[in-house]
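What follows is chain A paired twice: with chain B in the first complex and chain C in the second.
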Partner chain A sequence: KMAAAGGLRRAGWRLWRARRAVVRCPQYPPRCALQASAALRAPSDEHKKEPWASSSQQHFDSPPAGHQPEQKPQGPYPSYTGLGGQESEDYESEEQLQHRILTAALEFVPEHGWTAEAIAEGAKTLGLSVAAAGLFHSDGSELILHFVSECNTKLSELLKNEQKLVQLGRAEKKPIDEFLRDAVEARLRMLIPYIEKWPQALSVLLLPRNIPSSLTLLTSMIDDIWHYAGDQSTDFNWYTRRAVLTAIYNTTELVMMQDSSPGFEDTWRFLQNRVADAMTMSNTATQVQSTGEAVVQGLMGAAVTVSNAGTSRAVR
Partner chain B sequence: VPGAGAALRPCSSRVAQDGINKPVIDRIIRVDHAGEYGANRIYAGQMAVLGRSSVGPVIQQMWNQEKNHLKRFNELMVAYRVRPTVLLPFWNVAGFVLGAGTALLGKKGAMACTVAVEESISEHYNNQIRTLIEEDPEKYKELLQVIKQFRDEEQEHHDTGLEHDAEATPAYSVLKTAIQLGCKAAIFLSERI
Partner chain C sequence: LRLWRCRCRALLSRPAAALRAQRGLAAGPEMHFGFQTVTEEERREKIYQVFENVAKKYDVMNDSMTLGIHRVWKDILVHKMNPCPGTLLLDVAGGTGDIAFRFINYVRSVRQRQLQRKLKHHQNLSWQEIFESYQNDKFNNSLGDSQVVVCDINREMLKVGKQKAQHLGYSEGLSWVLGNAEELPFDDDKFDVYTIAFGIRNVTRIDLALQEAYRVLKPGGRFLCLEFSHVSNPLLSRLYDLYSFQVIPVLGEVIAGDWRSYQYLVESIRQFPPQEELKAMIEDVGFFKVDYENLNFGIVAIHSGFKL
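The block that comes next holds the complex of A and B.
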């Protein structure tokens, strides 16, 4: 009897959510969907600083709390990732539901592009109404940001595991250029299944509305790569290194869009050359600096000698 | 990849990042790092002018302590993965110019500059200690300890400056106010940029 009641409740819950998706969008301006994207930060992720997510997420989470009580008469509005406590197993937060929908939608992106159709298809596979796509913006911004965020999380995990292996002595520590090259390549390879539609995604990410979020995601990814590469700079080098790596990443990404060689080998060769250029530039800069210092010291020495010679001649 | 040799090590030791108020800690470490960096440059400027005078050893000793402070904040910056302020090159020059400029006013001028700066820094550290205690004294115990110790040492520098006739500088109050205004602006900017 309990199981049947639970099943009915679950079905009613799903229907209610789908209905609410249709009802909500006219009521709230498109801003709500933007804030939905803000809430899409992966819950277990701790590496990234995403200040843009935190404040708008809280703002967004409070309106739904008003709708919950008649469904689940529980306490304050929590964000559960799993079983436990007095919550029933399929109680999930708005953010988790959107997360699941977008993850499911990714499968349909190669076919439909980064659009509401892909989201609708994704919602269908979860047993939700296609109207769930109304929760999101029609240009697929949230889907793309979600995808980028997921890729960055995967990259962090990858780099963290690599670091563990090195710490345990089970792997060799890579030289810096090889590390950077491998990290950028690993990250760009995640685009391969979606490469056809990626130019569209890039243009959406460059919309003024999306720039704060996409910039934050980009900078935190680059910072992560440098962190695992072992960067410990506390001076202006911190900025120089990140700027250089960002340039390498962006240009390689653009090359990849145009690359039709087998296995993207042209892209990886381009990446290798850019990283090598960066290393050369840095070595040259160090050399120029030490040469400059030596020259200055030489001049100072010459000046002192000349002035000493002058004074000794004057004394005589 | 500039300076590839010096600042790269196998893997950086990290402080556990869960549960700390990242924006607040970021600001605190960033501004303190900038402050110690600037203080270093101020003393360097003073030494460049007054290094061979009678107060040279006094300034040198204070400078050595500041160097330790900077070293400690470098370590904390890496541990907490904090971004340094963009204005570092600017503080580099401004600090040196301030130190050398006040030293050119004489030994008392240099001491007046020290008094002004150290007073600003002590007050600033006290504010930070209050903030951290309000947040969670247990969680930030290590950081609190560091800041308290540094505040005490900066207070010592302040007292040393007074002992060396800082107040006898011509236009002492004007100089002090100007320098402290500059410090306030520097703190404001370094926290944010």
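The block that comes next holds the complex of A and C.
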């Protein structure tokens, strides 16, 4: 029974933590403070009461004056929980904190590479201890995946804005090959600040542990590009188009890795040629198909003519 | 977060306290010392005496009891910590300094790699820049400003640790402090990492030790606990019990001349809360992303939590 009660307490605790993704709840903190203090002062044989009650007492006395739950704290570092048991206004979920650390870590990547060191430096700029890098894997996979997903989001934004401009009539709708070329170029340009350490990142992304996530990110990006290019196919074309664009993207990325021309001109030329190839291939494919259909029709016609000639002769 | 815990505690205070009493943890004056029941004060004294007696033979006994595997466990702990130069470590109950020395070695090798990378980078510098880099202190610091503070409640253990440090040639980056894990003599928000290896079992009030750990850690700091834990595999558990109760006290008598201390050791392992319960206790104090890793099927477990 006691074990069940302990389990119940912990289950409730876990449920609470699972719901902890809530970012702001304006009416929550004042009630929190009140009920927490009431619970603490309630007579119980809990051994934890004494040290908690005294410190929380002090903590509750100071905030009420300046306690504005709706306002964002202006301090350099928002605390996530006070020792006295009161939640600070700016409490965010662990995922958001991890997100912020990784974003801060990106600026140290050119110097330290995609490593736990860069993450540690990032954590330092946020006012956290360097040990916070222990939140992530020591090979920097999360940092790379975070970067890739950020780039994909930026690309989506870019394409969406372009589409809006076209819809508003302020810009011309681009032909497909130009659209694809611009989209892939824009996406690859985001790698330029990190180009020196990018080969390391690619190799980490190919680790078996990371393949599912990196593959998902890649396919969703390609999907996005085709969506904004206006692809509405529902047949096998959907797969071929994505396969072709994935191939173009990957090969161009690899070319970019070892490109030393000014402004990466060689890469963009390579990209242009590949996209042109793809277009030609699809045109050829359509031509082959229509020629094939024409040939089949011709044969059918010939067969019908021959059989008609045969029956008419039989009748006579 | 805390609100829910406080409410829950108020609601379920009685059963929880009873559960704790069952575990022998500070629900009153009755406590466990191995399989005996003693008061809190007695327990502290007895444990102090145990370690006073075993201090000189502590390392030898560790090697013989665990067949040297304890070194691997401690290595895994420091690898999991993955400290970078500039980390401030507090090693509590670190007596003979095993974790501290490993930390220093690790940081030194990371620092070497860093310096090598910097040198490669420095191939095309002007004379002015090279001059400035020599002025920079960090360039000469082989530890990169990392420091470890070894804190132990037992004077004898600290003495043995200091002797070992001298013997092995560790001079910089180490400090030795006499202190109680339940009441650390340090300010708030000071350390990057807090470790306690095979020590938390001997702390009388584990919850207080955890609270102190939370207090002295910086925001973002990490709590790491390496401790004997419960084996769930039944076959292994029986073998382990057999080994613990039949072999270890005998080894204790033969090597260290102290049967009782080693009897206490194996009994205290059995009395210690299992992995999930310790994880819950750590979460209760306020640590986030609390997780544990079983080593050797649960004979030893590393618990880790972050102060966020």
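Keep this in mind: the second predicted complex is superposed on the first by the 227 of 316 C-alpha atoms of A that agree within 3 Å, B and C clash if a C-alpha of one lies under 4 Å from a C-alpha of the other, contacts with A are read in each partner's own complex, and residues count from 1 in each chain.
The criterion applied here is as follows: a residue touches a chain if its C-beta (ideal position, glycine included) is under 8 Å from a C-beta of that chain, and two chains touch if they have at least 3 such contacts.
Predicted model only: the values in this text are computed from it and were never measured.
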item: Contacts of A:Ala116 with chain B and chain C, given as first, second, both or neither; value: second
item: Touching partner for A:Ala132 - first (chain B), second (chain C), both, neither; value: second
item: Chain C versus chain B, contacts on chain A by residue; value: C
item: Touching partner for A:Tyr194 - first (chain B), second (chain C), both, neither; value: neither
item: Partner chain in contact with A:Leu97 - chain B first, chain C second, else both or neither; value: second
item: Chain B versus chain C as contact partner of A:Lys173, first or second or both or neither; value: first
item: Which of chain B and chain C A:Ala285 touches, first, second, both or neither; value: first
item: Overlapping contact positions on chain A, where the chain C interface meets the chain B interface; value: 46, 51
item: Sites on chain B touched by chain A in the complex; value: 1-5, 7-12, 17-18, 22-23, 33, 73-74, 77-78, 81, 83-84, 86, 88-89
item: Chain A partner contacts - residues on chain C that touch it in the complex; value: 1-10, 12-20, 22, 26-27, 80-84, 86-87, 114, 192-193, 207-208, 211, 214-215, 217-222, 280, 283-284, 286, 288-289, 304, 306, 308
item: Complex contacts: residues of chain A adjacent to chain B; value: 46, 49, 51, 163, 166-167, 173, 176-177, 180, 223, 227-241, 244, 278-279, 281-283, 285-286
item: Chain C contact footprint on chain A (complex, rising order); value: 1-3, 5-6, 8-10, 12-13, 16-17, 20, 32, 35-36, 39-40, 42, 44-48, 51, 77, 79-81, 83, 85-87, 91, 94, 97, 116-117, 120, 123, 126-135, 138
